[in-house]
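Since the structure comes first, as C-alpha cells, the remarks are kept for the end.
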C-alpha cells in the first residue's frame, strides 16, 4: 500500500513536471513568457509553507494542551524544519522569477518580505531549541515561541500589504491561462503528498532517536 | 522557634513518588525513584555528589518536570497533583536559590509574601527574621550579608509562616555556624510537631541524623 | 484585585531594584548616547542633508537595539542569579510578566522621551505634529516592551543568550516597526506638511492593536513557560 502510494507519487510528480514544460503554454503578459513556467513550482511551494507552518503550530499547541508528549514536540519540530525547507525553495524560485521578469532578485515586495520574515522566525526557532538542554523544557519553550509567532505574524498579512501595496509585483488578478490552474493545482497536490512523506520519514527518525536516548538513559 | 500546635493530623499530609526519572537526552540525572512518606516524618535523601538529590527535590517542589513518573502530594484530602499546585504548598531552601541582593532581608520576605497573595506586616516580617537569628539585620541589603546570613534568610523564606505542609531542604546547614545548625534542627522539629513532612537532601552526617529514615540515591 | 496587587508588587520590586543598582538604566542610556554620537559623527563626515525619513528610520532602529540591550535582562537576570526559583515558587506567571512588562515599558518610554528630541535636533528635523509623534512613540514602546518581555522569558531558559533575544524578537516586531516608521514619518511632516493627525491615524490604530494582541498573547502563553521550571 505504502509502496504503491510512493510509486504513484513519483510518477505523478514526474508527469506534472514534464507537463510544466511540454503542456503549459508560455505565460503571456510577462517580460519573459517562457521563463514564467517557474510559477508552476513557485506557487505550490508557497502553499506547502503555509501547510507546514500550520502543522507546526498545531502540534505545538497539542504538546502544551494535551499530554505533554515529546512525540508531539518532535512532530512540531519536523514540521518547522520542513516549513524552513519550503520557505527556502519558495524564496529561491521567487528570486529567480523576479530576476528574470523585473531585473532584480529582491524587491521588498510584500509577499517576498513576509516569506523572508517567516524564514527568520524559523531560524530563530532552531537556535532557541539548540540552546536548551532539558528536553521537557525545550519542548515547552519552543512550543510557546511557535504559538507566540503564530499570533503575532498574521498581522504581517495585514500591515505589510497596507504599507507596501504600491510596490507589489505579485499580480493581483491572475491573468494566466486555464492550463496554469490545472498544472499548479496538480503540482500542489503532489507536493502536499511529498510533504506528508517527508514529514513521516523525519518524524520516524525523531521517534527512533527519542527511544534510543530513553533506552540509553535507562540502562 | 517553638514547636506549635499540630496543624495537620497524622495522615493528612502524604507524598507519593512513583518511578520518577529525569534525563537530559542520553544523560540520566535521576533513575526511577519511588517513595511514600507521611506527615510528621523527616526523610533524608542521601547519595554522592551528582546522584540527583537536588534534581529530585526540585521535581518534588514542582520546579522541574520529570521525564517520567508521578509526584502526588495530598494535604487533608485535597490533592496537589500538578506542579503549580505543589509549588504553593512547599517551603523550599537550596544553595541554588538566591534572594534579591539589592533588597533588604525584610523587603525580600515582604515581596515574596505579597506575590504569593498574602499580607505580611512589618512586625511579622521582623519576627520571621528573628526566628532565624537575623534580628536587627532586616533593614540591611542582602548584598551586605555574609554567606551564613544568606543561608539563614533562605531558611526564613522556606519556613514562611509555617503554613507549608511539605518542607524541602537542600543542604540546609551550608555555610552555617554551630547555632545555625541547631536552627536547622529546630526548623525540622517544628515541622514535625506541626504534622508536616520534611525532605532533607544532604551528605552532612549532622543533618542525616535529623531524619527518621533515609532513601539513598545511586550515582 | 489580588492579581493587580501581586503584579504591582513585581513592578515595584523591578523599579526598586533598578533604582538601587541602575544597571539596565545606565546600560541603556550609555548605549543610546553611543548610538547618537555615532549618528552625529557619521552625518558630520557625510556632510549630506538628512530628511525626516532618515530621522524616522533612525529613531526606530535606535529604540529596537536599545530595547534589545536593556529589556532582555527582565527574566534572564532572575535565572542567572537564582532568584527565579524563589519567584517561581511564590508568584504566578502572569503577574510576574505584567510587572516586568510595565517596568520595561517605563524604561523604554523614558529612553524614547530623551533620545527622540536629541536625535531630531541632531538631524535638524522639525516635528510637524508633536501629539502624533508622542502617540506613535508611546504605543510603539509599549508593543516593543511586550514582545521583548515575552521573548526574554523564553531566552532565559536557553544557554546562549547573547544575540538570541534580538533574533527571536525582530521577526515578530516587523509589523510594529513598519507602522511605527510610517506614523513617525507622518508626524515629522512627510507627505503631511500641514501637520495633521489624520495621516497617522491608521498607524496609531495598527500600533494600538499590535500592543493589545502582544499583551494578550503573552498573558495567555507565559504560564506554559513559567510552570515549566
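The letters A, B and C name the chains in turn, as written, and every chain counts its residues from 1.
Everything below uses one rule, namely that a residue touches a chain if its C-beta (ideal position, glycine included) is under 8 Å from a C-beta of that chain, and two chains touch if they have at least 3 such contacts.
Predicted model, so just to flag it, every value in this text is computed and none were measured.
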Furthest chain, CA centroid comparison against chain A: B
Identity of the most central chain, Cα criterion: C
Chain A and chain C, separation of their C-alpha mean positions in angstrom: 31
Whole-Å gap between the CA centroids of chain A and chain B: 49
Distance from chain C to chain B - Cα centre to Cα centre, in angstrom: 38
Contacts with two or more other chains, residues of chain A listed in rising order: 133, 136-137, 140
Shared interface positions of chain C, touching two or more other chains: 228-229
Touching two or more other chains - residues of chain B: 64-65
Chain B - residues contacting chain A, complex: 21, 23-28, 31, 64-67
Partner chain C, residues of chain A touching it in the complex: 64, 113, 117-118, 120-121, 123-124, 127-128, 130-133, 136-137, 140-141, 143-145, 147-149, 151-153, 155-156, 158-160, 162-163
Residues of chain A that touch chain B when the two form their complex: 68, 133-137, 140, 212-214, 216-218
Chain C contact footprint on chain B (complex, rising order): 58, 61-65, 83-84, 87, 90, 92, 94, 96-103, 107, 111-117, 141, 157
Touching residues (chain side chain C, partner chain A) in the complex: 147, 150-151, 154-155, 157-161, 164, 167-168, 170-172, 174-175, 178-179, 182, 202, 206, 209-210, 213-214, 217-218, 221-222, 224-225, 228-229
